[in-house]
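Below you'll find the structures, each written out as structure tokens.
Two complexes come next, and they have one chain in common, chain A, joined by chain B in the first and chain C in the second.
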Partner chain A sequence: MNPGKSIDPRSFAIDDRLTGVSRIVGVSGSKGGVGRSVVSSTLALALADQGKRVGLFDLDFTSPSDHVVLGVRRGFPDEEFGIDPHVVHGIHMVSVAFFTGDTAVPLRGDAATSTLLELLAITRWGDLDVLVLDMPPGLGDTNLDVIQLLPRLELLLVGNGSRVVIDSVRRALDLFTELHVPTIGLLENMHRGNERAVELLAVAAGVPFLGSIPYDQDLEDALGDVDRLRSSAVYSALENVLPA
Partner chain B sequence: MHELALADSVLKAALSAADDAGMDRIDRIVVKIGELQQIERELFEFSLTTVLPAMDARLAGVKFDLSEELVRFECRSCGTDYGRDEAGIESDGDQGEAIHFIPELSHAFARCPSCGSPDFEIRAGRGITLERIVGSGEDESG
Partner chain C sequence: MNPGKSIDPRSFAIDDRLTGVSRIVGVSGSKGGVGRSVVSSTLALALADQGKRVGLFDLDFTSPSDHVVLGVRRGFPDEEFGIDPHVVHGIHMVSVAFFTGDTAVPLRGDAATSTLLELLAITRWGDLDVLVLDMPPGLGDTNLDVIQLLPRLELLLVGNGSRVVIDSVRRALDLFTELHVPTIGLLENMHRGNERAVELLAVAAGVPFLGSIPYDQDLEDALGDVDRLRSSAVYSALENVLPA
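Our next item is the complex of A and B:
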């Protein structure tokens, strides 16, 4: 302890809070709009349907949407020696939307960091096979905080064939390699026609290509309805995407 | 009762600091409690003094100094310095409860009393801070 300097105690509790979690999978994609929230939420749903103990942590604090994908309207947590995630469709879920409803939450970087620390310090995830993290877009504070605070993190990258996305994902892969973050692989979302840019990027970067989720024009109507999500191409593509 | 989780983090941080300082016993832990989080002080103190010290022998007989700090916001738009009462946060109900769990969610509810901006910095009185520890055979460090 540095003499004369007070310390924030929250980071010291994080390891204990996650001790029962076997895997921490961050669903990342450096560009916005590639479908991270749909992939994160549907992956959690598919794993829960397989009988796995699954957590879902929406880290997009300023624009949370996992609750929209899964049709969860309210989930104020129970408070008991910390907070217990809201359990819905078999998924243990935490989102700031459960606290703020439809109100906008403007957070600068330091406030987002503090929000992450607080939730990691007080949430009792219990025993989980997989904790899915819906990472926010970009390579800013929250992404870097998660990499720093959760050394067991594995990343599942989502991209699509757009040139602006490919460029961004390539840079993100380079950074994650430099930071020694294990990458499960690269998943193509919203696949159209004969595009192979994501697959070729995975090959060039030396990371596993996890397959393509076809563009589904009916997906919008399935959002918020888990029964329809279960019938979607996204769900089918994600059922076996996570290697053991 | 998430005060227990916060108290647990304070003691874990104190034990880590004791490790760094080579202390074999912690005699006193000084903690600052920020107004914004609206911690139930009795519950927090009970967690510190009764429930948790059994976690480590170095905490046997430890005393706690708890002090409270008023919250101060500074508006990033107009520079106004203001407190909780002026921020328009509802103390009871969902707003108070949300801020109790995550003080940063005050950004959803608090507004500058001068210009109405939600863009502010929490300059003081946010939540729990470990100020310093005093251990056996050591000078105060913290």
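Our next item is the complex of A and C:
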């Protein structure tokens, strides 16, 4: 499970690059489709709107979406002694989509590890209050690498009330507890009616329940349009989700 | 990108194990949350109900769900000169969940490749009309391995009208075309209103559009209950989705 901390010289550069970053928040949730990209992007937007210095790093390398949610089309970042994140809507943003454009990015696990190491080693995040990491679904290389490489990582877990999601998040929570990864809490997305499965799961797992974001059928139309995102229920729910 | 066909002896056993399987259908879609597990499981159920001999192999190793959709709780399969799939609701089924129970399965890419090779090399599928593969999200090791190991693979792609999904499926379709993977077509799940983005994507990519499964807010309650699944819109939509 070791991504090569002892042998890959880039792992030593990473701590330096993150010296000015106060908090590293990984938005995770083992099942796909729970809205991780929307939550990550909107959280970054809400924090930036509050005047915080915020970074957003899309780690879903084979299927990045944060640039779609935030309506960002950019090319290669500027490069001088490293790369500078694009600053979009006040957010310091890095995504493989800036490098690959519209091309698919098939990546085996070791290549994903290398991509992560490379981007962490060369990105000049500068001083940030919060760096938000949009983590990929599943429990594969990138999730394991981030946990091992970034000891200051705090996880913000996202789930919804679907049986398949609950089953998957329960397993993931057990694993994160076993690995002693600090967890901010579990947030319910796409809440409907009187569902309480996510809240009950948080209680059973002994992690804080961070509340429910109501299901919003107009959200799809807000994707790519930050002004509409700002008036969405997701945005309101995320404004105060991070404890000080 | 080579999973080790030339060096891993298990890859030679795989062709033998699949001799009696007439068709191998991979249910894919690069983004999570499009309903791949529901489509895979319900497709297998509908085909089994028609009297076909059907296998279902859940390849989402780190977050398996087919057993949840079909309401199956089983332990280790029987083993003699290989393992026998559990036969559930007429479906010959293999999932890592049968081996791991409620435990999370973190897997790096090379371990996922090894798991795939091992399970393909030891499973006695016997004679099947169709083997349905529920493929994981993203374009990582397992998706690439299946494409390389199983030249008879036909892809059934699932998407929905969300911008993030359309963007991701477009990239994946380009890649599959470039890799010359035979594609049965693109199926729209969770269709709402007058959305036509998935249909237009299929036309633009030159793959058959397989129709739309309407969004069904009662579907969640049918998960785990095959009798209710049988009366769902998903089931009806999948009964004739495979061309002869």
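Convention: the second predicted complex is superposed on the first by the 236 of 244 C-alpha atoms of A that agree within 3 Å, B and C clash if a C-alpha of one lies under 4 Å from a C-alpha of the other, contacts with A are read in each partner's own complex, and residues count from 1 in each chain.
Everything that follows uses one rule, which is that a contact is a pair of C-beta atoms (placed from the backbone, for glycine too) under 8 Å apart; a residue touches a chain by one contact, two chains touch by 3 or more.
The shown structure was predicted, so the numbers you read here are calculated from the model rather than taken from an experiment.
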| item | value |
| --- | --- |
| Partner chain in contact with A:Glu79 - chain B first, chain C second, else both or neither | first |
| First (chain B), second (chain C), both or neither touched by A:Leu153 | neither |
| Chain B versus chain C as contact partner of A:Val69, first or second or both or neither | second |
| Which superposed partner A:Asp8 touches (first chain B, second chain C, both, neither) | first |
| Touching partner for A:Leu223 - first (chain B), second (chain C), both, neither | second |
| Partner chain in contact with A:Asp141 - chain B first, chain C second, else both or neither | second |
| Chain B versus chain C as contact partner of A:Val198, first or second or both or neither | neither |
| Touching partner for A:Ala104 - first (chain B), second (chain C), both, neither | both |
| Which superposed partner A:Thr115 touches (first chain B, second chain C, both, neither) | first |
| Residues of chain A at both interfaces, chain B in one complex, chain C in the other | 1, 103-108, 112 |
| Residue numbers on chain A that touch chain B, as the complex places them | 1, 3-10, 12-13, 16-17, 76-77, 79-83, 96, 99-101, 103-108, 111-112, 114-115, 118-119, 121-122, 124 |
| Partner chain A, residues of chain C touching it in the complex | 1, 30-34, 37, 60, 62-63, 65, 68-69, 102-110, 112, 136-141, 143-144, 161-164, 167-168, 170-172, 174-175, 192, 217, 220, 223-224 |
| Contact footprint of chain A on chain B as seen in their complex | 1-2, 4-6, 8-10, 12-14, 16-17, 20-21, 32, 94, 97-98, 101-105, 107-109, 118-119, 122, 126-133, 141-142 |
